[in-house]
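Have a look at these structures, which come just after this line.
Presented sequentially are two complexes of chain A, the first with chain B as partner and the second with chain C.
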Partner chain A sequence: MRKYLIKRFAYLVVVFFVVSLMMYAIYNLIPSDPALVQMEPLRKTLKPDEWTAQYLQLRTKLGLDQPLLVRYARWMGFMKDVDGTFSGLLQGNFGYSVSYKRPVVDIIGTPMLNTILLNFISTILTLAITIPLGIYCAVHARSAGDSAIQAGTVVGYSLPTYLVGILFIYIFAVLLRWLPTGGAKTPGSTYTGTREFLDRLYYMALPVLVLVFTGLAGMTRTVRAAMMDTLSQDYIRTARAKGLREKVVVYSHAWRNALLPVSTSIMGWMISVFTGGSLVIETTFSLNGTGRLYWSALNTTDYELVLAMQMFYTLVSLVGVLLTDLSYTLVDPRVRIDK
Partner chain B sequence: MSKENASSAPKKKEFFLLRWIRRAFFPNKELDIYAEEQLQSPFRVVVKNFFSMPIAVAALFIFICVALFVFIAPHYVTLDLGEQDSTLVSLAPGYDMMNYPRELVENGVADISVGPNYSIGVDQNGTVYVWGKSKVTKIIDIADIPDEIREAKIVQVAAGSDHAVALAEDGTIYCWGNKRLGQTDLPFELQANNRNHRLAILDIQASNQFSSALTEDGQLYLWGNTNFVDLDVRTQLQGHIKGVALTMNAFVVLLDDGSVQNAGYTASSTVTKVPENAQSDVVAIAGSTNSVAALKTDGSVVVWGATTKGENLVPTFDSPAVEIEGGRYHYVARLASGELVAWGGNRYKQCEVPEEAQECGVIRVFSGSFQNYALDSEGKLHAWGLKGFILGTDTLGRDVFARLVNGGKMTMTIGAVSVIIQMIIGVILGGLAGYFGGAVDMIIMRIAEVVSSMPFIPFAMILSAVLGTKVTIEQRMYIIMVILGVLSWPSLCRLVRAQMFAQREMEYVVAAKTLGVKESKIIFSQIIPNVMSVCLVSITLAFGTSMLTESTLSYLGFGVPLPTPTWGNMLTGANNSLIIQSYWWNWVFVGAIFGITCICINLIGDGLRDALDPKTSGR
Partner chain C sequence: MKNTKKLLALLLALMMVLALAACGQQQPAPQAGNDEPAPVDEPAPVDTPKETKDYVIIGTSTEPNGDWAYAAFTSSINATDQDILTLTDDCVTVTSNEGGDYVLNDSVVKSYERTEDADGNATYTFEIKEGLVFNNGDPITAENFLAWSLFVISPAGKEMGTVSNSYNMILGGPDYKDGNVPYLAGLRLLGDYSFSLTIMATGYDGNAYLPYYYDLSYAGMRAVNLDYWFGEGWHVKDDGEGAYLVNDNGLELTKDNIADHVTAAQYATSDRVTAGPYNLVNFDKAATEITLEINPNYCGDFQGQKPAIKKLVIVRAEDETILDTIRTGGIDLYSGIADGGQVNALIDMIEGGEIDSDYCRYDRAGFGYFQFACDFGPSQWKEFRQAVAMCLDRNEFANTFCQGWGGVVHGPYCTAFTMYKDSKDFLANNLNTYDYNPDGAVELLKSIGFVLNADGTDYVDGSGLVRYKEVTEEEAQYYDDFVVNVDGKILMPATLNWASSEGNSVSDLLSTMLANGEAVKQAGIEIKQNVMTFPELLNYMYRQDAYGLGGNYSVPTYNMFNLATGWNSGAYDFSFEFTTDEAYILDGYNTTHLYDEELDKLSMDMVYGVEPGDYDTYLNMWQQFVLRYNEMLPRVPLYANIYVSVFPNSIVNYQEGPFWGFSRAILYADYAA
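Our next item is the complex of A and B:
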């Protein structure tokens, strides 16, 4: 087990560096030259050859004349930077945001908390609904209730998230006027403590609802399919033949075994929601989360922030894949990893 | 094998769609199980299974309809990317812009005035009618005619951009509609006249938030929003004015000596620079958006001003013109013979005078905006021009239907091309990995893992942002297709690889190897065709996913850039409550057709999966 863990972890690290190198290379495709930006105002005051000399000097000073790999290593923190110290990503220097005029580290705290809260609530809610629902559908397969739920899930997972968002704004904010259309808190409010938290939940309700609805559809289908597969196994027939109660058969015999494929897709789903789904939701509902931050950073061409966020997303999805593999061993004792 | 081929040969002549339809709706007679086993190849079983599922067949049918619609309709509904019109913004769906009330014609038309998207008419009894898109804002509606106007006997009406003016028989002038910018603030003299009725008012006109009234003794009064136009009339001209023409932001007058003059103190507009040949012998003038037409005594027409859509290209008339009317980008002239001639912008067929109007002997013509009404000697009205938009217009005045059709074509094309790209990459790499195994498999699968572990949407966004900065719109579309294809091949690759593992141990592969068939040939022409049917499900679903991803990227602003429409970027601005509620046609139709398409694709995919899965076929 330990050997497997180490192997997986080493693999994660390698992939992370490969992806980050790719990202850095893409980032360097952008035709931008900080040295030129700094030197441009001086072009008129200096003689041309003097200016060129100073410009080249500045490029050396900023380390721009080095090849891509060297710059990458410096940015990552493998090599000493031009000032002679290690100050890369690994040392906690995520770069400097041009649009916020602050280090990236200071900016991403609050949005990340918001996104985590949003995803946490919606994941809990989705799982709480989807597992009983999926089991119900599998047990009562091809009944009227199952067919209705199946039809609903097809609609749910076919519609793009933003369309569901617009639809829900129309229903809950415009028609029924129950929930606000967007934002993170009541404008101009100075609530504290519980009141603030409740206000935040109130504003988060609609995004959570959309995420739960879109997540519900796909997950319910997965749970149903896994359960139906398990329920058709011979040992379920045996269990029933033994005269066990239906509840015991379904929840103890079948569900435990159905959990294996379900747990994989739960992790996959959570990653996709965290990176893709919440990005759409946050821009639709103008929530201050990582997705919206990433979106606005791309729009304002604040590329150091974009790069840092991209690294964060990559890390999240890699760790997610690792956790998926590990969850196999946790839920299924048949899967032994001693290799 | 040969027996099977011989028996199925005559059937192949039938056109495949016909065959499918026949099989879907008129299934073959039940064969006994041995005959069936012999006759049906696995692919045919799949097709038969698929067509036995009514939901999947219905979904396929709807999808084919949508696809045909989206690929054929753009040939007829062309899209002008630069097209937008500030007067056609956010119009509700419907073809009601020229549906004049029957009572108006029955009681005899006294006057009609055409506003941007609505028209006002008054009949011989003095009753005012409003039709078309008369809603100016959520609250203000021109069709809400005030009671005093309903009671008064109106003889003349004038429709402005967001207000309307009516002249009663006794000379009282009424204004209603938007009041915020002084559209209804009558000048002092007219207010007094409303009480004592001393002035004999000849003519009223209304334009872009300002209006004019002309008296019999040549006095011109102007009122309204002075931000667009300076409404002061030169005092030395007062008393000599015979006619007035209003454009969007200027006005000129016709004097009693037959010359057209700039009556204001400013001469900023091109309209106020009156050319030489309009300085004399003019009998009537008419205004358009940014140009003016003058009708001369000899029946010829002179047009000047900023003419963008050919308003100045006056055709030659067969007989002298006797009446001239101006629309938004066109003019209509009535000739002495009763014939109507129209020229200028013809995007909404506002210049195509109907045949029956030409033949009936028209006695008056009313034009404005994109609509025209001709009154013939029998009192009948002939209308032509812009009827409306079937799905309304968006917040920039663009036709939603045209964008929906062309956007659908774009979305589907991008989805299809990216699926083809991912199919090519996935099948080749998956085939190689599965067939050879070992080191090749290791390398390919590691690459696949790296690609699939990258967060999809954020990565596609940054790629699109970085690669798409200095390219044309068309190149950017191709970039989006490639990005989608290149990022989503790993799932198909894994599927092909797993299938390859199973297939490469089969007898036919061993036989091929023994015969000395080249390995590349074994993979791509022996095994892959057998694997493709299983991949079909994955490909179908991938098509839906690609469309979804493209639209999500476009929605976020990192896909196909505006103004090129896709179903995604048509919904970009729709996440605010004003559009969601008041301008629902901006998102409902595109949302509905996109949703239906995606649902159909998923249902087809599910149907194929069930058809391929022997567990569900009940044997």
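Our next item is the complex of A and C:
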């Protein structure tokens, strides 16, 4: 096990650095000048000589006059920066956001927490609905109920999230007035404790509903397919032949075996939605999350912020894949990853 | 395993119950520190009496950054942050009025004097009123007005990254900035309530700073609380040579000694020590919400006006759902809606009684336009530029784009400027409005020699082909991809290479109505649209390399760009924008590359050649500038929006203007009786 973990960890490190170099190179190929982005608003307030001097000074300060590899090495923390210190990613410096005018690390914390909370709730609810649904569909495959569920869930899957969001806002916020159109809390409220928690949930309800609705089809079908496959196995026929109750056959024999392919999907899905954020949901519902932050950073050519987020996602994905592989052993004792 | 299952099931059930409980809850009224459930009410129709709110929820489409250091460390400050600063920090010597003109803040300034020495250097001496206090009760004296400049220009400030270049124009600035002397000679502490500022006529960078028509803006100084920004024990002193910052505990003015305090104050999310109409109560980053409450210690704005609305809650709003949010009461006040469709829908909601709100409208202080690169290709001839303008029905364009909520201007101005108001007849009589006239465009093209086909034969009007003109090698420079050689002659097509930003509705409409319009085709002009990102468009426009990677940005490539411009104040300063100085042009100034000595001179002299207060001379030069601009036509104005702001009927006397945004207008609003 230890040998396997060391091998996988080494692989993870290599992939991380290769990806980081590729990402850095790609973003540096985009025709944008961070120094110009910062200095452009000063054209009207500074005299031309002063503007030029400050612009060139900033280019030097940002190290833009150096070749790509040197800039990468500094950004990663392999080489000393312009100020003579090692202050790259490896030293915990995630860069500086030109649009927020602050270190990246100061910016991403709050949106990340918001995104994780939103996605955690919606993921739990989605799983709570889709797993029973998938099992039901598999057990009652090709019945009217199965067909109805398949068709119903695929509606949410087929419609663009943006459209579902707008539709749900119209129904639940404008027509029924049950829920707010967006935001994260009652404006101006200073609730604390349970009241604050409930208020946050109230404002999160509509985006969660949309996420759940649009996420039903995928997992339902995965569970259904895995269960159908398992239910067709000989040992299930044997179990039924032994006279076991159908409930025991389905949940104790079939479901546990069907869990193996399902668990990998769940793991990967959870990691991506927990951290990735949803641009559409967050912008539609005015939520301060990572998806909107990422989009905003791209639009404002804030590439240090974009790169920091990309590298974080890369790391999470790599660790996620490792955890998914490790989770096999937990779900299926027959799997021995050290062999 | 059974226990785990039970736990998981319990968690799931709990989560669902909580979510359902939350969904069933009605929107409660804000209450401070309340941990009790709010009373549950049925949604009230608009026409039933509602509980009077003492707060207003304001929507903003710009996310606040929460940087309150008065743009000391940054090249720009976003609109919401600026609004918050206006609402919380208003103890300034100079401000702007509804017309955007710089005026003295009479609530702060007791007396003011401007004197000039033989070299033309100006000294602005202020005596401020006694009894002014910060929101925490600390008295405001002359020290507080000098402290910020002394910090920003100091070596410690520079080490911390301040971006101001005011040291170039303040007497003794460079010596103080470089640490050669501990005092700033141009700032003088003359008494507890008196101080002065001296601006050099010719700055240390060699630039002329005076006379400057808007020189009152130089004298704008802000009171900051020294304890709050720099820590305890800091004072401003003056031993006769200039003002300086000193610490009672013997601390030197260094980065190490003040950086932590400055950073904490810069990004404070509550309890800022300020002197404005409102106090920052809380900046909730997670919810992107800012809460402000009235500052009882506020002395009033330049007209002595104090706010009546007790509490302002500023929240992030999304453009796509803004109307639904207003409709459902999520936002009470939203400023500057420009989209004509949204405006029409909003007014329907108001007039239909769907929301209990009203609206105000005002002209935008700016306009959208397309501009030419006037130094290469066919756009190097003014007649060509004029011909292109005449191929577009700009009134129709503005009407379509703004959906009735906008109009057209015929020069570089907005209708809110005093100069415009005083020049209406002059402009009406003298400006060329370039009305839609394809035939006129053809005549203009013929007049400058666009009379050939691509093979050198005579062009037949109405053929639908692209016109060509015989040009010299010099005229053909940078247009190799378009010019053709026929029998030793160089022929240039009437083709514009347009850099158009992606996802831009103006570009889309311009493409339909101009580039692919019938008039352009019949005139024999071709406009090639090249869609690109906005940063790339800027690179081509400024002709600068990007990210140190080289590239062809410095090579003239595109000769048409569509953009927009705006003014934050009534200061009309086009200096350097039409410079003919080679060095400035290389640095990205004069993006139209119109090298017209007259326009350059007028744009400079209009502000740097007129004494402050000499409005008649200024107005005359302004008119000449607009006239010359209109003739040379480096830019073709397309539309100027009419903005609409919605506000609740629970407040009255709310009126925004082009230079009078929500942060100023809200001071004059009151609760409806």
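Note that the second predicted complex is superposed on the first by the 295 of 339 C-alpha atoms of A that agree within 3 Å, B and C clash if a C-alpha of one lies under 4 Å from a C-alpha of the other, contacts with A are read in each partner's own complex, and residues count from 1 in each chain.
The rule we apply is simple: a contact is a pair of C-beta atoms (placed from the backbone, for glycine too) under 8 Å apart; a residue touches a chain by one contact, two chains touch by 3 or more.
Just so it is clear, the model here is predicted, and its values are computed rather than measured.
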Applying the document's definition of touch, where does A:Ser189 land relative to chain B and chain C: first, second, both, or neither?
second
For A:Leu244 in the superposed arrangement: first (chain B), second (chain C), both or neither?
neither
Applying the document's definition of touch, where does A:Ile169 land relative to chain B and chain C: first, second, both, or neither?
both
Scan A:Ala141 for contacts with chain B and chain C and give back first, second, both or neither.
neither
Which of chain B and chain C A:Ile236 touches, first, second, both or neither:
neither
Which partner chains sit in contact with A:Val316 here, chain B, chain C, both or neither? Use first/second/both/neither.
first
For A:Tyr202, select first, second, both or neither according to whether it touches chain B, chain C, the two together, or no partner.
second
Residue contacts with chain A in the superposition, chain B compared against chain C:
C
Between chain B (first) and chain C (second), which does A:Val18 come into contact with in this model arrangement: first, second, both, or neither?
first
When the two structures are overlaid on chain A, which partner does A:Pro48 contact: first (chain B), second (chain C), both, or neither?
second
Where on chain A do the contacts with chain B and the contacts with chain C coincide?
29-31, 166, 169-170, 173-174, 181-182, 283-285, 301
Of all residues in chain B, those that touch chain A in their complex:
449-450, 453-459, 461-463, 465-467, 469-470, 544, 548, 551-552, 555-558, 568, 571, 574-577, 580-581, 584, 587, 591, 594-595, 598-599, 601-603, 606
Contact residues on chain A for chain C in the complex?
28-34, 36-44, 46-52, 54-55, 59, 64-66, 68, 100-102, 110, 113-114, 121, 124-125, 128, 166, 169-170, 173-174, 177-195, 197-199, 201-202, 204-205, 208, 283-286, 288, 296, 301
Where on chain A does chain B make contact in their complex?
15, 18-19, 23, 26-27, 29-31, 154-155, 157-163, 165-167, 169-170, 173-174, 181-182, 271-272, 275-276, 279-280, 283-285, 294-295, 298-299, 301, 306, 309-310, 313-314, 316-318, 321
State the interface residues of chain C toward chain A in the complex, per the touch definition above.
11-12, 15-16, 18-19, 21-25, 27-28, 30-37, 43, 55, 57, 63, 65, 67, 73-76, 163, 165, 168, 203, 205-207, 267, 282, 284-289, 291, 311, 313, 315-318, 320-321, 324-325, 327-328, 330, 533, 535-536, 538-539, 542, 544-549, 551, 553, 573, 576, 579, 581, 583-584, 587-589
